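For clarity, chains are labelled A, B, C and D in written order, and residue numbers in each chain start from 1.
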Amino acid sequence: MTGKTYTSGEMMTVAAARLLPDGAVCFVGIGKPSAACVLASMIHAPNLVLIYESGTVGTRPSVLPLSIGDGELADTADAVVPLTEIFSHYLQGGRIDVGFLGAAQIDRFGNLNSTVIGPYDAPSTRLPGAGGAPEIITHARDIFVIMNQTKRGFVDKLDFRTSAGLLNGGGERRRKNYPGRGPSVVVTDFGLLRPDAETDELTLVSLFDGAKAEDAVAATGWPLRVAGKLDVIAPPTTEELEALRDLNARTEAAHRTPVKLHLKKTA
Amino acid sequence: MAAFLSLEDAIATHVKPGMCVALEGFTHLIPFAAGHEIIRQGITGLHLMRMTPDLLYDQMIGMGVADTLTFSWGGNPGVGSLHRLRDAVEKGWPNKLVLNEHSHGEMSVAYSAGAAGLPHGLMKGHSDTDLRPLQTGRTAEVECVFTGAPLTAVRAVNPDVTILHAQKADRAGNVLLEGITGAARDAAFAAKAVIVTVEEIVDDLGAPMNAVVLPRFVVTAIAEVPGGAYPSYTHGYYGRDNSFYIAWDEVARDRDRFRDWMDRHVVKAASHGAHLEALGVLA
Amino acid sequence: MAAFLSLEDAIATHVKPGMCVALEGFTHLIPFAAGHEIIRQGITGLHLMRMTPDLLYDQMIGMGVADTLTFSWGGNPGVGSLHRLRDAVEKGWPNKLVLNEHSHGEMSVAYSAGAAGLPHGLMKGHSDTDLRPLQTGRTAEVECVFTGAPLTAVRAVNPDVTILHAQKADRAGNVLLEGITGAARDAAFAAKAVIVTVEEIVDDLGAPMNAVVLPRFVVTAIAEVPGGAYPSYTHGYYGRDNSFYIAWDEVARDRDRFRDWMDRHVVKAASHGAHLEALGVLA
Amino acid sequence: MTGKTYTSGEMMTVAAARLLPDGAVCFVGIGKPSAACVLASMIHAPNLVLIYESGTVGTRPSVLPLSIGDGELADTADAVVPLTEIFSHYLQGGRIDVGFLGAAQIDRFGNLNSTVIGPYDAPSTRLPGAGGAPEIITHARDIFVIMNQTKRGFVDKLDFRTSAGLLNGGGERRRKNYPGRGPSVVVTDFGLLRPDAETDELTLVSLFDGAKAEDAVAATGWPLRVAGKLDVIAPPTTEELEALRDLNARTEAAHRTPVKLHLKKTA
């Protein structure tokens, strides 16, 4: 975005961070969700609880993890528990307020694909797969999705439904008594989409400063609904931007540090 | 009770072609040395199982070790694709790979049920996904016998062999795991045999109260392999070599380059120690 | 998030007549102070739940606190009967007591299922005992949907309040349990509210990696009550007063002697500290 | 028993200890089972693994526990795990070689009652209840029962079947595919009973030195079968007796030590 002093990735992270209420218990993935949560805890939500599926509960990383099981997450956690307990006691047990998800594809009802592009048995692209997404999207009280908005990713029809969002819309998920409400917001590089209260269809409701609704529509694989009145989201504050860049700089330095093994002896 | 063996003997004794083998580890404590030894011994036709197949399984699949993979997330964490896994699934190279695909929640229940001697475990709710129809015989929709509430039965898994890496074993054969343990405990209890590589064998584990200890009667064989989790990590011993994970992306993209790398660094390495030395990561 | 309250306020706020309340603890960490406070506040009609009702439940039942008991073993460990429990069951004194009786294995599954948000859990096999026919609505014979193998469904339990005693809480409200934890973790996760009494509130739990920590968002209220588990024990703080357990046998045999003891030592005690002081067990 | 230099309780404990093979993983209760296991580990079975249902695995108590959750058991254990894990992963998971049980009543097929004397709804004596016995007797590979032999305890018909032994005999338990074989021996104050290979009926097969078969028959509430050839069990050796008495003396001293609470402050 020309003339901006920040990237759209930074704006997405900042926007996601602002959505997090203090004290929320967050089920976090690597990448932007981690950055958003750590940023929020540095700015306005010091009591945010971060849980990673690797088993780290209440972790306070000073650098972002490259993987979901980095040692930093264990070292700074309130508790390190078996993964089985994360999925049974924490997630299915109903202890998670907000789950973050991304995906390769999303449809207009917030259903997600992270499995394959093309047919399952003969995919053109084999993606990593479900991970914990199907359980997170089912059980967390609220779901934030973060994805760049492109025609390849925001599709009329998923190649594969890995994780059940708002299903076919129109309140189907509610009627089926899913424990959590499903995706309530999608943070893209244009702004925020939220499901329509009646139809559940994802609707552009907010734009980042300088972003244009017609560009968002053009980047969507279905005729994107646009709210009558569009909020404009303020650019990152200096405090937000500095905190985020410090975090990213610390992270890059940490991940560049070469590992040397001091072994007593080798077998 | 646990036998103390060399890694070569532990693999040769307990891992046979066609077996279901789970080399577990969740980013942390991934048993790279043991997986490399399986490659070196030319064992094939394995049904590999793991929640998060990463670089080690990319290497094993690319070397033709496996014909089936049970898993829930197959990627290079924070980096991208597993190119060898993709090549096997997309192009059948070096051989076709049957996928038994799950979510993390399902795998977690499957391991736990296996560990508890149950034929299946339970998850709350049914599912509106495209994954479940692919799981005939592995998941099934059932209802609560008391309330009628929808539940999903997930069939237990019981690997022939589970292979783990851990910090320490004592001389009686008790094994201490510290830090992120993932599904390691359940994968061990679910298995018919358990092989553990450890950083060191000690007189006293020095385990804190309530630590994660696999008791000696659950462990079949122990091999001392310092650095056995590299490029994954062993909490308290060495950190994860993120640069290796990043560099792997390029190595694995090309079949020839991959085979050449594996040949030089794994197949021809005399031992895991020699492998680490050749990589230049020993201090 | 956990609120820091006095024991009086924690009980008055969260324990109401008619509730299902689990004061857990398996020989270790039995929340005697909290149970005594329930007696002092004259709360009645409780459905008490615990795997191993011991002296504390003998006292609570004898004081007319409970009308239902869910349990799996009710005795004075190593000593003999719980005379007040027996009197309630055999003679209906001071009131009739409905028993929801289980085995340890069943209770363990019921708590775990409750903690995991499931309506029921599973055990292997059916049962040829006289207990199962008494458990209508709580256990049921089912079959594995994959193999037809016999299984038993055990209905989940979800106490309105679980009350625990633990070593420490930090100022954020995280709670550390060390030593024998029994079913404490599962009873806490299964409950709608969790009250924990602790020996002390500290700046830093100093918890070792993989310790048993109840995170602050699982804990409803914390009260600092040093000695709160006496005559049970708190690992690292004080030992179990076996002589109290042995002496209790005589106190509890006779209704009048029991009521007199409770009146003097519990009902009229200003606090748990005063109770301990009157017993002469403070150093 | 007149003229003896040891009690029948000591003989029972010693006899039970001798039955334990080295390396066996034992699920232990308090009282004689604990004493037998600790004694065996001091005499001939140093690699015995003791598991208590409280969650202590591989414990090596130097004094016997009064309760199943004594701190001594945790302090000397290889692992201290949640009770739920003991019942799921260890017991139901098939990791236990030998389980010890006692009861108020036993019948000729080794079924046990620890629930009530009299009708369940109006018992003359309410007993403590099942505890873990139903699961131990189901899942442990082998079961040792230890009980004093009296007409009140060895009954023709149980008032309540708490734990399923060999059911109605004649191989019923085997046909029903129970994971473990059920009670293979009952150690009484007269000697050992073992189930008949065909009928499963408990049969007196061994007598303690000086004990008489007719006394055992007289102490049994059904017509007790007596094996054609009765083994005689050697009295405790000096080593066994000294070790057991030292253990009991240490235990009594430990349990007599008054507890004093050193509290920082009282609330």
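We take it that contacts are C-beta pairs under 8 Å (C-beta built on N, C-alpha and C of every residue); 3 or more make two chains touch, one makes a residue touch a chain.
Remember, it's a predicted structure, so these values are computed and weren't measured experimentally.
Visitor: Give the chain pair, either A-C or C-D, that is connected by more C-beta contacts.
Guide: When A-C is set beside C-D, the one with more contacts is C-D.
Visitor: For chain C and chain D, what's the span in angstrom between their mean Cα positions?
Guide: Going by mean C-alpha positions, chain C sits 27 Å from chain D.
Visitor: Whole-Å distance, chain B centre to chain C centre, using C-alpha means?
Guide: Once rounded, the distance between the two centres reads 39 Å.
Visitor: Distance from the CA centroid of chain A to that of chain D, rounded to the nearest Å?
Guide: 56
Visitor: What positions in chain D touch 2 or more of the other chains?
Guide: Chain D, residues with two or more chain partners: 74, 80, 88, 92, 139, 179.
Visitor: Do you know which chain C residues sit against two or more other chains?
Guide: Touching at least two other chains: 112, 117-118, 123-124, 179, 181, 185-186, 209-212, 235.
Visitor: Chain adjacency by touch: line, ring, star, complete or other shape?
Guide: Shape = other; not a path, cycle, star or full graph.
Visitor: Under the stated touch criterion, can you name all the chain pairs that qualify?
Guide: So the chains that touch one another pair up as A-B, A-C, B-C, B-D, C-D.
Visitor: Taking the complex as given, what residues does chain C use to touch chain D?
Guide: Those in contact with chain D are residues 6-7, 26-28, 51-52, 71-75, 77-79, 81-82, 85-86, 89-90, 101-105, 108-109, 111-112, 123-125, 127-131, 134, 179-186, 199-200, 212, 223-227, 230-231, 233, 235, 237-245, 271-274, 276-277, 281-283.
Visitor: Please output the residues of chain C touching chain B within their complex, sorted ascending.
Guide: Result: residues 117-124, 137, 140, 142, 144-147, 149, 151, 153, 155, 177-179, 181, 208-212, 235 of chain C touch chain B.
Visitor: Touching chain C in the complex: which residues of chain A?
Guide: Within the complex, chain A contacts chain C at residues 23, 25, 47, 49, 57-58, 74, 78-81, 88-89, 92-95, 139, 179.
Visitor: Which residues of chain B touch chain D in their complex?
Guide: Going through chain B, the ones touching chain D are 1, 112, 115-118, 172, 174, 185-186, 189, 207, 209-213, 215-218.
Visitor: Which bits of chain A are touching chain B when the two form their complex?
Guide: Interface residues on chain A, with respect to chain B: 30-31, 53-56, 65-71, 73-74, 80, 82-84, 87-88, 91-92, 115, 120, 122-135, 138-139, 160-164, 167, 176, 178-179, 255-256, 258-267.
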